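What follows is a structure written as structure tokens; I'll ask about it next.
Just so it is clear, A, B and C label the chains in written order, and each chain counts residues from 1 on its own.
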Amino acid sequence: MITASLNEYLVISGVLFALGFFGVLLRRNTLVVFMCLELMLVASTLALVAFSRFNGTMDGNVFVFFILTVAAAEVAVGLAIIVALFRLRQTIQLDELNSLKN
Amino acid sequence: MTLPSAHPYAFLALFALVAIAFPLLLLAVAQLWFRFFQPPKPSATKNDVYECGVAPTGDSWIQFKAHYYLYAILFLIFDVEVLFLLPFAVTFTTLPAGALVAMLVFILLLAEGLVWAWHRGHLEWK
Amino acid sequence: MSPDYTGLFQALRPETSLLFGALVALGLDLSLFRRHTSGERLNLALWIGALAVLAAGAHVWFGPHGPIFGGVLILDPLAVATRLGVLALTLLTLGVATAARTPRNPAEYVAIILFATTGFMLMAAAQQLLLAFLALELASLSLYVLAGFDKTRPESAEAALKYFLFGGMAAAFLLFGFSLIYGLTGSIELLEIARQLTLQGLSPLLVVALVMVLVAFGFKAAAAPFHLWAPDVYEGAPTPSAAFIASASKLAGFTLFARLLWPGLRAAAGNVSTLHGAPGWLPAVAVISAVSLLLGNFAALAQTNVRRLLAYSAIAHAGALLLGVIAAGRSGPAPFFFYAATYGLATVGAFGVLAVVERTGSCQKITDLAGLHRRSPLLAGCLAIFMLSLAGIPPLAGFFGKFTVFAAALQLGGLAGPAGWLAFLAIALSALALYYYLIVLKQALVAPPTANASRIVVPTLARFTLMAAAGLIVLFGVAPSLLLDLF
């Protein structure tokens, strides 16, 4: 059985976070941006679980429960906003959303 | 036989190598087969939308009703609820009465959400 | 130590009454008042909401103090004052909502305002990372919905989407920062974190965590260079939502921020009082504050849309508030609390005036306010009080807010260090700010009305709300000790 060290978990979590972050910055489809946001949240849960194991306290694991809930709530609100926007504008491409500029 | 005690991740590298090589090999064989035995013959039927058993009508690119998403969200709420109920249930006998009250409030709030969605007619398929 | 649920339920009575109010408003709207007009349903929901807020206020005032549930919540003077301030701003927002266009689902609108208020209340008292994160998210998610509540206008949905994307990113940053802090200290309790951090130095991982947390709060507080969402949201969101986002959320957010930084991460604060300060989060906050002050004030000069102008002025005020947070380490939280609370009052009032003007047609451009003194002297007078308070003219509350924050910043080390220079910069830019507030007032008080402009009838409740906000601003300007004595 091979066990990874804390640093390896942290590196993976950092890479996931960076992937999500650049996805948010670079992608133009709202739904994809949305998934990238979720990826950023998941990256933090990985770090929390790893820390929880190596610190020997349960706080991190409990934190993850709540993050999953928050992520679900965020999905609900985000999708609702996207659906509302699509009904009015017939597009969810971010670069076509420019009615709020002067 | 024991593996040589190289780096603990050495086998992962080997695994990755095989995982990449194997599909490449199969793809190469398929390509050869295609080259020699199956020259392309496109036809209208071949390019049709796939449908199982009935004649296809219309395009395969259709928009799904946004209504699906409401059901998914409602499901998700109660899916996530289990996440909190399970640890609560496991330690139930050691918890004080206050924890039970807190949990009841939590479930009450979720139920209120369901009742609201029901009354607003979000559970009816239109 | 067994958890003290009785104490917890007692301490959470204000939140309970808010939630109960929201559920009653939803329930009555679905059952008894189903067939009524949406105007009647809005009034019912608003009255229930107002009662819930008042009940919550009474519970805060007479409720318990000190650490609750093993220190997860702390009801110290800052928490109590912030809670009362948030409730007052919510009440005013509900008053503004009486004047604005009736939303399609009035009970839901009020219920979500109450949910957001619940989030703010918990933010004010949270002393543990998990609760802080959950409270912040409860408030933020409610605010996204409020921003996009007007389903007939594409601008509203677009504002909500932008707010959501930036806010979601901020939440992810905050969470990553929290997870690193938890990893470094092995605890999510602020006091334990503080104790652990004094034992260890400024490690690279802690620096990453600090950067993440600061970026997140920069987004949430609309401080430059993380302010991009603010003008769009202020412009697109329904007017009461914009008022709420600009006022109560600022107050609760800055309280949470200050609590996280000063008691929690004090060991990593660094120093900005002298020229060669120590590294830490203080220099970073100082940079964000300076950029916000400069960008907010200069960009506000170029605006023709009154809401965008308020948004850029909000960015500038966020810079000044950050200065107050910097000074809080020495002078305590009273200065920045006073600033945030009175700023919230003036902003709610300004948006309230816009909401009433909107009843007769669009109110986006500054020129849409032309001749307000003829169309409704009351509105013009209230707007003058709000704008002059934002500009910091004595004897209004905005002046004293600026005065105490700048004085506290100057006490840090005089003009010998960046904190003092920052206070000096903020004072200089206040003069610039006066110019763009006066541009708005010139339209409202001096310019003649356009040919087709009619008189504006101010509804009774809206009149009462605006006069209450204006009265409080004058009162706190004349007698600031009324607020400061809460500490």
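As a working rule, contacts are C-beta pairs under 8 Å (C-beta built on N, C-alpha and C of every residue); 3 or more make two chains touch, one makes a residue touch a chain.
Note that this is a predicted model, so its numbers are computed, not measured.
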| item | value |
| --- | --- |
| Most distant chain from chain C, judged by the mean position of its C-alpha atoms | B |
| Of A-C and B-C, pair with higher C-beta contact tally | A-C |
| Intercentroid distance (Cα basis), chain B paired with chain A, Å | 17 |
| Interchain centroid distance [CA atoms averaged], chain B/chain C, Å | 40 |
| CA centroid of chain A to CA centroid of chain C, Å | 26 |
| Residue numbers of chain A (touch at least two other chains) | 87 |
| Residue numbers on chain A that touch chain C, as the complex places them | 6, 10, 13, 17, 20-21, 24, 30, 33-34, 37, 40-41, 43-45, 47-48, 50-52, 54-57, 59-60, 62-63, 66-67, 70, 73-74, 77-78, 80-82, 84-85, 87-89, 97, 99-102 |
| Parts of chain C lying in touch with chain A, wherever the complex brings them together | 129-130, 133-134, 137, 141, 144-145, 148, 151, 153-155, 157-162, 164-165, 168-169, 171-173, 175-176, 178-180, 182-183, 186-188, 231-232, 235-236, 304-305, 308 |
| Chain C residues touching chain B - in the complex, by the definition given at the top | 2-3, 5-6, 8-9, 19, 23, 26, 30-31 |
| Contact set on chain B toward chain A in their complex | 8-9, 66, 69, 73, 76-77, 79-80, 83-84, 87 |
| Sites on chain B touched by chain C in the complex | 96-99, 101-102, 109, 112, 116, 119-120 |
